[in-house]
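First chain A sits with chain B, and in the next complex the same chain sits with chain C.
Up next, the complex of A and B:
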């Protein structure tokens, strides 16, 4: 089971919700931090990192001895990552999308591949909670390939919670695609609502069931609640603004640790999500049987 | 022409609220929203759109089933798993590399250019504004960011503005890199939390990588004074100037609800003074005045 925690707007509490739900459920859960540009979950879950691996993406390496300067490689590359200038082939590694087109098209077999570092994958454990995160190399532009690598490392036997990046473009899609449920974390402000609407559009495009957590539920206005009702989005949890929660967060402390009564609310949040997933699967099965 | 870009690494630290407040203080500037993925600045600026233009991004493969022989070449070559078993293209997975298009022996794959969003040239009560909306689930956000920044520059030249204030996206990836290249200076808005300082460190590294001078402003500083001090020490260590501290003030949210900037909501407060001081420091900073001349126009006259 994969639950992806997303938001549209940044700073609404994705990491808080992911980590607290993981802590409330305990062993049998894994947390995948897919916000590879700014991974934060480890600061709150505090896992022991057991191993790390470097993640690379293939980019072309041209053997000038075999190259006939036919320019087919630069012609096929839609990303302008190759240029043939006189008796030279220039490769711009940061523009390459690793499609392999240049290697496939080269008639002389002059192109092989080497790696460009995308970042690191870290594997760890926090009291029985499996933890994986990706850390994009500073200066690297493309996060989706690294996000896909974090997701590929998942353990099928565990409940997977994904901490997604903010936004609605390709990195978010990479963190949501194929999930069983998307939990949207928002705040009742104009910015929160505006970006939530965009994120809900993205979720609907993927056809995945979703529900809301409204964080700092008493700041701002009521429009997000009206929107949820209009759009039939279940509100699964509301968290009031509490300066003590904000201060605990600032120190890296978690809600379920500072306020133990919240533990069962996060377990209940998970149970609600589980029930929706089962209901949706039953519905899909019923449709398939018709 | 100077361009100030406001970024943060972590989302939700107050980039857009502060950008809007700066817009209210700046004179003769052009606004630019480079957070094309989840643009919010327009909610405070209520721009009157003068002109909207389609943003044509990359191309996507489309298999023509009448011509497809089902040979499987495209499936074998596609590294993004975008060709389904029935030889159709999963548009969400398609990277737009066109390898399948070029190699299809039956020439059965089209490669139409995609409309990936639109961008707007607008007027606001604080001057012209260039902003955009990237289509849902689209790629090419970096390209659109570069486009809105270029248009903002043109707009500034046209109307004789000497400053562009750009609201940047969160993170350190593609759209952020596109937002900071060639900028005059960056304002890094940091919140005093363990994640705020962690993300700031990465954004500072990014600024150094692309050789753009950065300045740090701590927002919601009173949430954690110890952390605020740690952030300022980190900034000093990296030779980054400290612009000041802004309080954790519910007035930011209240003014947002009314679609206003901080300075248009209620009476003058201590927070107003803090933001004004930060702005004065920005405008007088060496990074924004490379020749050491604060008011270039006045000096020439």
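Up next, the complex of A and C:
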């Protein structure tokens, strides 16, 4: 089971929710920090990192001896990562999306692939909670291939919680696609609502069931609540704007550790999500049987 | 000699477009005869990524030896450099003004890109 925790707007509490839900459930869970541009879940989960591996993505290497300058490679590349001019072939690695198209269409077999470093994968454990994060190389702009590698390392026997990056573009899609449930963390502010709407539209395109956590629920206005009702988005948890929670956070301590009564609320959050997933699967199965 | 000039329109009196890859038109002007070809850069102007690279390839294919434009980014610049096309940047006014300045020899060739890469 994969639960992806996303938000639209940054800084609403994705990592807080991901880490606290993981801690509340304990062993049998894994937390994948897919916010590879600025991973921070490890600061709160405090895992022991057991091993790390370098992640590369393939880019074309052109053998000019074999190249006939036919331009089939540059013609098929929709990202213009190759240019053929004056008996030269230029490769722009930062534009390459590693599709292998250029290599496939090259009639002379002049293109092979070499690796370009994207970043690191780190594997660890925190009291029985499996932990993986990706860390994008500084200066690298392309995060989805690294996010996919973090996800590919998941353990199928565990409950997978994904801490997604903010936004609604390729990185967050890479962290949500194929999940069983998207938990949207938002706040009742105009920015929170605006970005939540965009994120919900993206989730609807992916066809994944979705529910809300409203953080700092007693600030701002009621518009997020109205929106949730209109859109039939279940509000699964609300967290008040509480100075004690903020103070604990600032010291790297987690809600479920400082306020034990929250442990069961996060377990209940998971149970609600699980129930929605089962219900949706039953509905899908019923449709398939019709 | 053929000189490519980025343009907002299809005439010699049109304003130079400061953008290279995403200019709507690129005029390929013969500096001796003032005969010119209008290249519609519209598809490229809407390219998802690498508009400058495509435009640079096109300019080279059209046989231009020099590009006159406002700004040229690093990927376009290295493509032009590989193709042997020299760049004159920071050009303003009309296409006609640009060619006049070129014919008077009052130009400086750029040694590097004068704009950062776009993401």
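To be clear about the criterion, the second predicted complex is superposed on the first by the 289 of 290 C-alpha atoms of A that agree within 3 Å, B and C clash if a C-alpha of one lies under 4 Å from a C-alpha of the other, contacts with A are read in each partner's own complex, and residues count from 1 in each chain.
Methods note: contacts are C-beta pairs under 8 Å (C-beta built on N, C-alpha and C of every residue); 3 or more make two chains touch, one makes a residue touch a chain.
All of these numbers come straight from a predicted model, not from anything done at the bench.
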- request: Would you check which partner chain A:141 touches, where first means chain B only, second means chain C only, and both and neither mean what they say?
  value: both
- request: In the overlay, answer first, second, both or neither for which of chain B and chain C A:238 touches.
  value: neither
Query: Touching A:90, do we find chain B (first), chain C (second), both, or neither?
result: second
- prompt: After lining up the shared chain so the two structures overlap, which partner does A:99 touch, if you call chain B first and chain C second: first, second, both or neither?
  reply: first
- request: Report for A:79: first if it touches chain B alone, second if chain C alone, otherwise both or neither.
  value: both
Query: Residue overlap on chain A between the chain B contact set and the chain C contact set?
result: 78-79, 141
Chain A residues within the chain C interface of the complex: 74, 78-81, 83-86, 88, 90, 92, 94-95, 141
Query: Which residues, counting only chain B, touch chain A once they are in their complex?
result: 9-13, 16, 37-38, 40, 43, 58-59, 77, 79-80, 92, 95-99, 102-103, 134, 136-139, 141-142, 169-177, 191-196, 198-199, 202, 205-206, 209-210, 223-224, 227, 248, 250, 253, 256-257, 259
Statement: Contacts from chain A onto chain B in the complex sit at residues 8-12, 15, 35, 37-38, 40, 43-44, 76, 78-79, 97-101, 104-105, 136, 138-143, 165-173, 177, 189-191, 194-195, 198, 201-202, 205-206, 219-221, 243, 246-247, 249-252
- prompt: Which residues of chain C touch chain A in the complex?
  reply: 47-51, 53-54, 56-57, 60-61, 75, 78-79, 82-84, 117, 119
